[in-house]
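Chains here go by letter, A, B, C and D, matching the order in which they are written, and residues are numbered from 1 within each.
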């Protein structure tokens, strides 16, 4: 028995070896162009990563081909899971590179993008960040571009919003070891203090699910606003505790909170939630309806979206990223990563659902405004408040 | 009276576990080159006494002297202060403890009742492990195989082989220790103890599980190693044939307490011993 | 024909194989273009050799000294940070420590040495921080070892696990930000250019571990593993030797942490969780507890399977099979099941506690044709044996059933699981008497 | 003189009372949260301590059984009424726990201690990865059990009903369990087995039955714990069981492994301390604290608060 199992195991491993060698090499046929999707499907950012991937997949469904020069290519998506983990991100990125993709999209969550940047740089592989907002993603990597705004911008926008609405003391909660929330809090604090506000900063450890004491701390400190731009996992728990302890102050957050997880958690609860984001549902009715119809049709897509058809901003961003990639191919007139890379800096794409995209010299999108939305806790939907700029 | 030098001396050793007194006021002497037997029915506290000598247990009361120097001493304290049931409560005032490896360093080696060989190692390695404590090289020297370390390793190996020859295990040198037959495992345990260069050897039931022929051989073997290695031996044994055959002095324990001591002839004639063994009214 | 080789030939053969491997890795990394799937092989070799080192260091503790320690991820973390902190180029500090005014250490050992010694200084500048990483982790291992090594095996496991968690929280602490960059990633530090670097460092380190294990100290460690009480009775100072093994293991965990930092090009404390330690432990188990060669093979297999071969399971298509079951996460499930199968049915792992030897290898190769030929008969024999075993088992079952029925019959009082003790006591006494009589 | 003295005294009394009330006012929310989470840890910790007491095994998979019973609840409640789901969840946890014991621990009972511990880690790895696969890595929201999640006000603190229910329920369950162990035949068998595994099997105790019952009790309590815990902290993801599991184990060690009341006391201590530390602003180290406590207790009193000393046989 033992021998048999040993034998089977060896056989399986040996076969997989062949599969591993064979799978990547041969399949790049002439009429296909590959786009790598570098997103987390598991780990802390799994939920957001999946929603972002959905946008890309939907776009691929809407527009499965691209004409480069005179030739029509089928676009194939190569999706890898970077597991929201820096140590896995490098091999995941390497995996994409080794599969001959022409461009990479992603990731949700900046630290994996930063970790993978060197792999893309070594391979000369252009990459377009979809919603990674940390300045470091593009700062030292010529290959990395992005279509979203940055944390310093978003932090300032949020601080402006808070101060303009009469909030003077902010409780800022970030997650230990999570560079996104820590970074955003940092920029918020900087801007908010600059405006004359006062802050209390705290961090919670990984895997924490007990937010009772943090909510209590905010109340104890007598703050006017609870700023916690953390992952949606933690967000749901914070909202729950805010309700349980009657927090009594608005909760403010960044783009990650623009998700149906939040509206779902907040529905029917006595909480006030305000977020800044990339996209407002209704901004492009055609896209909204199309993608919702797809969710209804494809159960897997629906599951990945969290079980309902509510639209997340990251999905819209993913959709846009795909079209930016197609435009880049067209501009490059080639499927070669090097040509695509050369075409990106001067690229200008109009008519996207989240607004036009052009890149500045570091490779970041030129964005001047963010959408501010508020959660309607009765209907469980987002309500558009205003466009807020950094000034 | 024996005029030879006393190499091991137990004074008032008492070991109490909770409310149970396992060894009760044991006084014992081993002279140089003497073979002393420690006998008694099962559960009489013999192995516990060994454990007190070798530092595995800390005795509740009493002292152990090795080569004229007190190395272990204790008195009832803490919770034991009130719970202590033994004698000589106030006789000792110091607490001296010693870890087993230090006791071995003083030249007291032992074997175990239930054989404790190093299972994952060969016969040769088992013996060489016991020589580890006498080697002088640092871990770096040993790892990077300095000239000295290599020489020492070679010397160690040769000495171990020599020792194995003496205990008739030379042919089995590269076998896994657990693959040896039972009797040879006992021999190996003794050889391993000898490899630490002891002056006092404590044997815990060396003849357990042996047939008369084997125990006869063992007796001769013990006698031989005493001469060859200049040893004093304290042994626990159930085989009366062995005990009466080679021991010069015998101590008898029962229920932790010491009921008799003397020469084999004296012990054989002692009514208390006979009662303990035949079990009186029990 | 005797296939045994003399020692010189064996060494030559091993050296030849190693050099061939090194040459392959070196030129492989240079020549294989990024788009090729063979590039993945090089990546796997890089990561595999790093994990081979940390698995070997864990095996030194778990397999050779019998100390069940689960702190390896924490030690790697310290090693990775130490290396990274001292090699971030001076002009990158402001970018990396963007929230901490450029941090407190404003120089890089690599740059200092490079400016003085050129290329040699560059490599020396990488080796020195790596050595510092190892030594710092060894020091911390030493300090942690003082209290925890006195604990019994399971408590030791949980205490080392605890220390690893404390270390992680400590490195993420904002107050230490100017040094560790708090929760933010460290990056831009000097990394190796060619895959040969981690392979060589890991190779040398593993060779040192092997030398240690085969020295007199290694024997003492194994003695402690086999029987602590007997080892102590043989004059081996338990604490000293455990501490020694712990410190050395920590040292190499630190080195592998530094290598991992180089491999990843960015480092943050978040991934160094207990799960990482578990994965290292599973590598050790797959390879065989008590076999360094096993750990090395295990590390390469584990890395290749999890990062490369089984990835198709997540994407819905693997080896030509596609199934709706295959969606993200499936790879890990399959992987976990494979590991459980190994743990339960093949607990000795690939190598058991044996090391690779040319003699063994040739003997194995030679025995293959015969083994293949003998296989049908062997299977027949094993089937027959199994049948017999089944028969014995069913007979035993029948007997047990009968005994149970008898017992049930005896229990006329209807005694059940939760019968009050008073009644139960009587029954016990009754049964005892019954048996004696 | 006299009156002024007494006035003085009464003033200090009131001052003191004010300070105490003030402190209570500030700290009450934390203490309440601590008691609640402590009770939930206690229910998990009992499984650890009993299994360790009998098998000398750290059942690393216990935290994942806890997580899985939460996860199953999420799925069951969508198709079944709540009361039935609760019963089925407890049944599921029991089946899962005993299956794990049967498949992964029983075959290794004679193997070295390390193998069985590795097996436990392997099971934990499998359960987590399987949950990851099923949920797709998404956090699931625990179904609301309205009366448990009702908001109540105690003094200065507002909290959920479950916070108040947990300690009461925990203590009642523990009381029943202690009675069971003390006064029934199976309880006696458990005590015997935990004292001396081999001898009790020689004495005719059906070891397998004792172990199965231990796992049943442990898993049932863990699943009740999961209902309380996830009603309070409503998100479940594959890693949700890991931290509570580790903390519960630390609680078991703190109280003296093998001792049920010890585990409960330990769990409350850890729950309360953890929240007080968060309240004091040391939020970064709230998890690390648990392990600091573990290491301190192992150094100072390795047998824990109520543990018994075991001597090795030589």
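The rule we apply is simple: contacts are C-beta pairs under 8 Å (C-beta built on N, C-alpha and C of every residue); 3 or more make two chains touch, one makes a residue touch a chain.
Quick caveat: nothing in here was measured; it's all calculated off a predicted structure.
Listed by label, the chains that touch chain A and also chain C are D. Distances from each chain's CA mean to the overall CA mean are smallest for chain C.
With C-D and B-C as the two chain pairs, more C-beta contacts join C-D. With every chain reduced to the mean of its CA atoms, the largest distance from chain D is reached by B. A straight line joining the Cα centres of chain C and chain D is 30 Å long. Annotation: 40 Å between the Cα-based centres of chain B and chain C.
The mean-CA centres of chain A and chain D are about 36 angstrom from one another, to the nearest whole unit.
As a whole-number value, the distance joining the C-alpha centres of chain A and chain B reads 71 Å. Shared interface positions of chain D, i.e. residues touching 2 or more other chains, are given as 132, 136-137, 242, 284-285, 287-288, 314. With touch defined as above, residues shared between interfaces to two or more other chains in chain A number as follows: 41-42, 176, 203, 205-206.
Multi-chain contact residues of chain B (touching two or more other chains): 56, 112. Remark: chain A residues 40-43, 46-47, 50, 176, 202-214, 216-217, 219-220, 232-234, 236-237, 240, 243-246, 261, 264-265, 303-304, 306 touch chain D in the complex.
By the touch criterion stated above, chain A contacts chain C in their complex at residues 1-2, 5-6, 9, 12-13, 15-17, 19-21, 23-25, 41-42, 78-81, 85-92, 94-95, 97-100, 111, 114-115, 117-119, 122-125, 135-136, 139-140, 174-179, 182-183, 186, 201, 203, 205-206, 300. Residue ranges of chain D in contact with chain C, taken from their complex: 52, 56-58, 103-104, 107-108, 111, 113-115, 117-119, 121-126, 128-130, 132-134, 136-137, 180, 182-188, 204, 213, 242, 246, 249-250, 253, 284-285, 287-288, 290-292, 294-295, 298-299, 302, 312, 314. In the complex of the two chains, the chain C residues touching chain A come out as 34-40, 43-44, 47, 92, 95, 98-99, 168-169, 172, 174, 182-185, 187-188, 191, 260, 263-271, 273, 276, 301, 304-305, 307-312, 314-315, 318-320, 327-329, 332, 338, 341-342, 345-346, 382, 386. Contact residues of chain C toward chain B in the complex are 208, 211-212, 215-217, 219-220, 222-223, 225-227, 229-238, 244, 248, 290, 353.
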